[in-house]
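Can you read through this structure? Questions will come right after.
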């Protein structure tokens, strides 16, 4: 079904998505005792990139610049189905969360292909890690979502989150919800290339995952990639927030406000995590992700029993 | 005449044991010839005194063949290939004899399972027949020279004929054919054997004949 | 039925004609190709007619063999399989004509085409047969035709080995089917399908027989071992047919058997789900650890068969527990995936064939950078790769979506049972994991073959394939997209087929649930369109932005390392290395490492290959064991005549004493 | 009429011994084979009157096996002509690797015809004694055929064949005497005409009857090649010339089988069917398993075919033992097996003539050097292992149906397991023969002047047989199936 009110949250998402990295960076700077970059730094970077030319490697093929386009398009379409807190998304249908999950997969497929297209061994390495880790993250996410579906007895994100309110928490499903949320948090960190899985601002290609894949992109392509990354963070973030923040006042503005506030807090939390935690050794990451899957399986068993 | 018949049967049995026990080819040939002769007596004794001409003729012919012709052929074979006059057992003679006793036990057991209600028939007949057959088998299995296997085969045949004479005497075709066949087989087996011995191998050890296998 | 029959005649006739014309290869190929396309199109139309009308048709002739009758029929279930068979055969025939010209000895072309047409015809006959004996004859003829096609390159040792493994596997599988049909026909004494009935006591046995017998053809783990051997060995258009549709006849057989067995108990569903999970995960794990492109694709077929099994299992559980949505969506998902897999796996195998044809190797670590040299092949392969990963906006996503929804529908009904959580974990976990691994596997395949720099001279001098092969590739790629965009259609088309498996008492509500399945699919299709539009817009924007700006070309950023060579690229094997290490319990690479030694090392060597787990640790040892026992028993026949006579004597004695004593 | 069936080959045999010229003799062979076939066809059309107060007669079973005999013999006789013509040309000094050094052709042809006569007598005789004599006759007539190439191995094979078969036959004679005793107990007029015995079957002494059947089974089983009495079979088949192997496997074994069947039907009529059925099933299964054991990794392709014959004899026995529809299947299988196995042995003959070796390791890649023979091999493999669309599939399937309908679970499992093992083992051996890479010299020859041209006589007969099996798999004429049914009933297998 289609809900016009979804347009508002869509517009907010498009506008505010770049704020999340900015908040994260400010938080980290705060912890590091630095002043940190300006709040609108991400917007400036996008603006700058959009006005640049581009450099392409001899090796590359059209796949190279298709990657960012597909990635960005996938996120945009994904946003159509993602509710923020209690608010209704633009479109919703039974199983839409599967579509969203697979759209993320599509974006990944093309980002990775674009990375491989350069023929650089570093980008190949990054691509290898990316697909490896996200393959392990996927069950965690889907099983967590399945838990929510089972809990609410609904199959579309809108209906699911409409049913997950304080009442549900009171009804003893709290632990399950928390476990699912924890799993989703892990996925959030992994998918958005955050510590403890990846380090967005390392300077050594050997240790990068996401950053190394986009080394060769420049200009508008890079802008598309960065914007897509923000949107991805927004999508996963709002799923997480909708679980953790059961505010279902029914007033659009109140719910939206709560949701955005929640996202902000999530960004802060991420910043805190990044500041206090060290990055895991690469061989440890799989266990971290599998643990997330196990969390959501436990949650599922708790719910269905 | 039934005690005469019994005597003949006992003699048959003893010849079989003799076959098992003797270490000389010539002796074995003699034993098998004797068996043939005794065999010829059975119908005459069991039907005495009313002996039809046909019966007498058949008996005599078989006696001639089994007691004279075949042993002669065997001797010729042995002479031709001038093998040593040894039996060359795979199983020692004492063992063979002990086995023979065991076979007698088995034979009596089986015979006990097969009652015959034919008046005037010696109770010894069935066990002796079976025993002779088994001894023939034992000879074939436990001796190493082709000639001894032929002898064993003849012993086995003799055992079977004990039956033939005792029961199927009214059955014209069978006996005559059987006799006929004996000649045939003898001729062929001997022919092949002699051929084989004289041409291909220069010994009659059947070990030579174990090249075809898996 | 009329069209169907005519199409079959055309196929068979064309086959024999090309056999007769094998003296003149070109004409033979032309005739066979033409008849194959024409025949399968006729069949396609006939099948569609039945599918749309939804009313089954039957014809029956007398057949003078014991228990045999020439009875054929087409019902929706058959037609669901007729569709992909005819489609893939037609495309593969067009492709094969050009492919064989370069890869097959002229003297053999006629024979090869004969068997190709025969394979096509027998597959169709299998799905149309309505008599047990007829089915078995067609089934075995199909296996033999494909066996001879697999052997067509018999000069190579590994091909002969593959052929033998295939022959043995299919024959052993079939022997179980004999028992299956005989048991089914036992009560009525006739082997006609409409006379079949199963005693309730035997239903379980029958199910297991069907599962193993048909599973061997379909490629369920652990009886999949022939598949990764035979499919790479065959000519590519044949691999496409075998992997795309022939293995599906196994699924058809299983479904057809289920229609005889009545109400399924829960354990059937669970078994299928378990097998599906195992086949899915292990299949894709083996796939992503392969170095030979066609082997990789073959294993991925095992994975997809696993997905189909998951759908079937879900559907059966839905029937058992009377959850209409679950039954409908599970079965629909399985059936739709049959079609989808036929399309994209056919496409991928044809693409692999094109690669082998263009670059003269299938070794992933010797390929690379082909997209520049073979643009059409590359683009279509990309489409196939996305489809097989189940990514939107392509058809692979639809079937997986249906299966997901089937399970979730079951759980959403809030049946309180831990087993439902188990089901969720099994199905959803497997599908998710398999999806992720498939992405690994096919980014590897696509990247290693088409992207980066060529890793060997052969691939450096690769050339695009001819028009016929290109067209067939494009056709299948377009089919994948079209099926995706016409998503809401399929539940309606396949509904009646799915219902044939559902017990009559439960049909109505299942049908309703199946109808409701159009909603999410329609939405998905809309989303696909939205996505295409969005990417179009973004592409236009990018073009607009870059218009008139400075665009430089340079070497790939090499992190300060000057002049990296093509061989320094990340290889396919290293790409999947971490995953293989993580799952070394299942995937056991056999490594042959000779490191460089000394101050001035001459050369080192590193080779690794991944043998099939089950062949290595189960079937191999079992067969070797049997052979060992046989060799131990050979002394029975050791040439001494005394021993032989002893056998006779002992036999007599033992029998006399035993039987009379 | 019946006399002619036996007399024609017998007289022809005597002529063959006498005739001094080769070609007329070969013509005589074919002619008499044709005449014999014609006579049996006539007999099929209108069964003739029995002779010797019913000791020689033609019932359905006789007709069936007679038809098989004369068909296979006729087809192989064409092969024989070409074979003899070729062998006649070979250089005479004996050596193992060029195996073809001939007995005088006259003896060969004569014995071939005598063999036919003896087998015909076995088939038509309805008297235990007569049948026994005839079976012994087949042994004696075929011994020289096996000894055709006179080198030590064939001599050894002949020796074993003679000794083992004679011992077996002797036991059969004992069995006949036991029958006589059984009849004596019932005070019957004592001549062992099958018809009389079966008429009074009820009155026979059951104990002696069972004992007699045991001995007949072991005796004729030795000839038929039921394990563990089969031991002569692989040696004889591998050493005999291929035509002879074809006849031994395709016809002789059937004759012995018929003899056993007569005993079985007698027991059935006497109400002791269970006894003989169990024994037949037991021997059938044992034979199949033993054959499988030796087929796996068999290194000599003629021995391979011999063991496969043992396996199929097992199937025949099993089918009759199961009874019901399986009996019919076993009759059908007798036909199929005869044709298929004859065809395979003829193909093996071509292979042997080209490669001069029976080793499966060295005779490889027939498809490339002898295309038609290669095709024959692969078709024969599929046919003999019972794959559709060949007739053997139908018959093995029917036997299986009998097993399933009877609910013999264990038997069914063993049957399928043995068949599976045989298939895997046999295909592993035969596929290289067909597809493998030929040894250097052969491939060199082929490379220089292309694949060898195969004489029509060497490929046409097996092709005819193969086509026959194929047709039997696709269409079973009503007349034939009736004959099979009646035959099964006649031998108490239905």
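To keep things simple, chains are lettered A, B, C and D as they appear, and every chain counts its residues starting from 1.
Simple rule for what comes next: contacts are C-beta pairs under 8 Å (C-beta built on N, C-alpha and C of every residue); 3 or more make two chains touch, one makes a residue touch a chain.
What you are looking at is a predicted structure, and each value in this text was computed from that prediction instead of being measured.
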Shared interface partners, meaning chains that touch chain B and chain D: C
Pair joined by more contacting C-beta pairs (B-C or C-D): C-D
Most distant chain from chain D, judged by the mean position of its C-alpha atoms: A
Computed distance of Cα centres, chain D from chain A, in Å: 77
Whole-Å separation of chain centres (CA-atom averages), chain B against chain C: 70
Rounded Å distance, chain A centre to chain B centre (Cα mean): 99
Whole-Å separation of chain centres (CA-atom averages), chain C against chain D: 44
Residues within chain C bordering two or more other chains: 634, 637, 641, 643, 645, 648, 656, 660
Interface hub residues of chain D, defined as touching at least two other chains: 159-160, 163, 167, 207, 211, 234, 294
Set of all touching chain pairs, with the criterion as stated earlier: A-C, B-C, B-D, C-D
Residue ranges of chain D touching chain B (in the complex, touch as defined): 127, 129-130, 132-133, 136, 140, 143, 147, 151-153, 155-160, 162-163, 166-167, 170, 173-174, 176-178, 180-181, 184-185, 190-192, 207-208, 211, 234-235, 238-239, 294, 298, 303
Contacting residues of chain B [partner chain C, same complex]: 90, 106, 109-110, 113-114, 134, 137, 140-144, 149, 206-207, 209-214
Chain A - residues contacting chain C, complex: 50, 52-61, 63, 65, 69-70, 72-74, 76-77, 80-81, 91, 93-96, 98-99, 101-103, 105-106, 108-109, 112-113, 116-125, 127-129, 131-132, 134-139, 141-143, 146, 149-150, 153-155, 205, 215-216, 219-221, 224, 282, 286, 293, 297, 300-301, 303-305
Complex contact set, residues of chain C against chain D: 63-67, 133, 136-137, 140-141, 144, 151, 154-155, 160, 163-164, 167-168, 171-172, 175-176, 178-179, 182-183, 186, 623, 626-627, 629-631, 633-634, 636-637, 641, 643-645, 647-648, 651-652, 655-656, 659-660
Chain A-facing residues of chain C, complex: 368-369, 371-372, 378, 382, 386, 389-392, 397, 400-401, 404-405, 407-409, 411-414, 416-418, 420-421, 424-425, 428-429, 431-433, 435-437, 439-440, 442-443, 446-448, 450-453, 519-520, 523-524, 526-527, 530-531, 534-535, 538-539, 541-542, 545-546, 549-559, 564, 566, 568-570, 574-579, 582
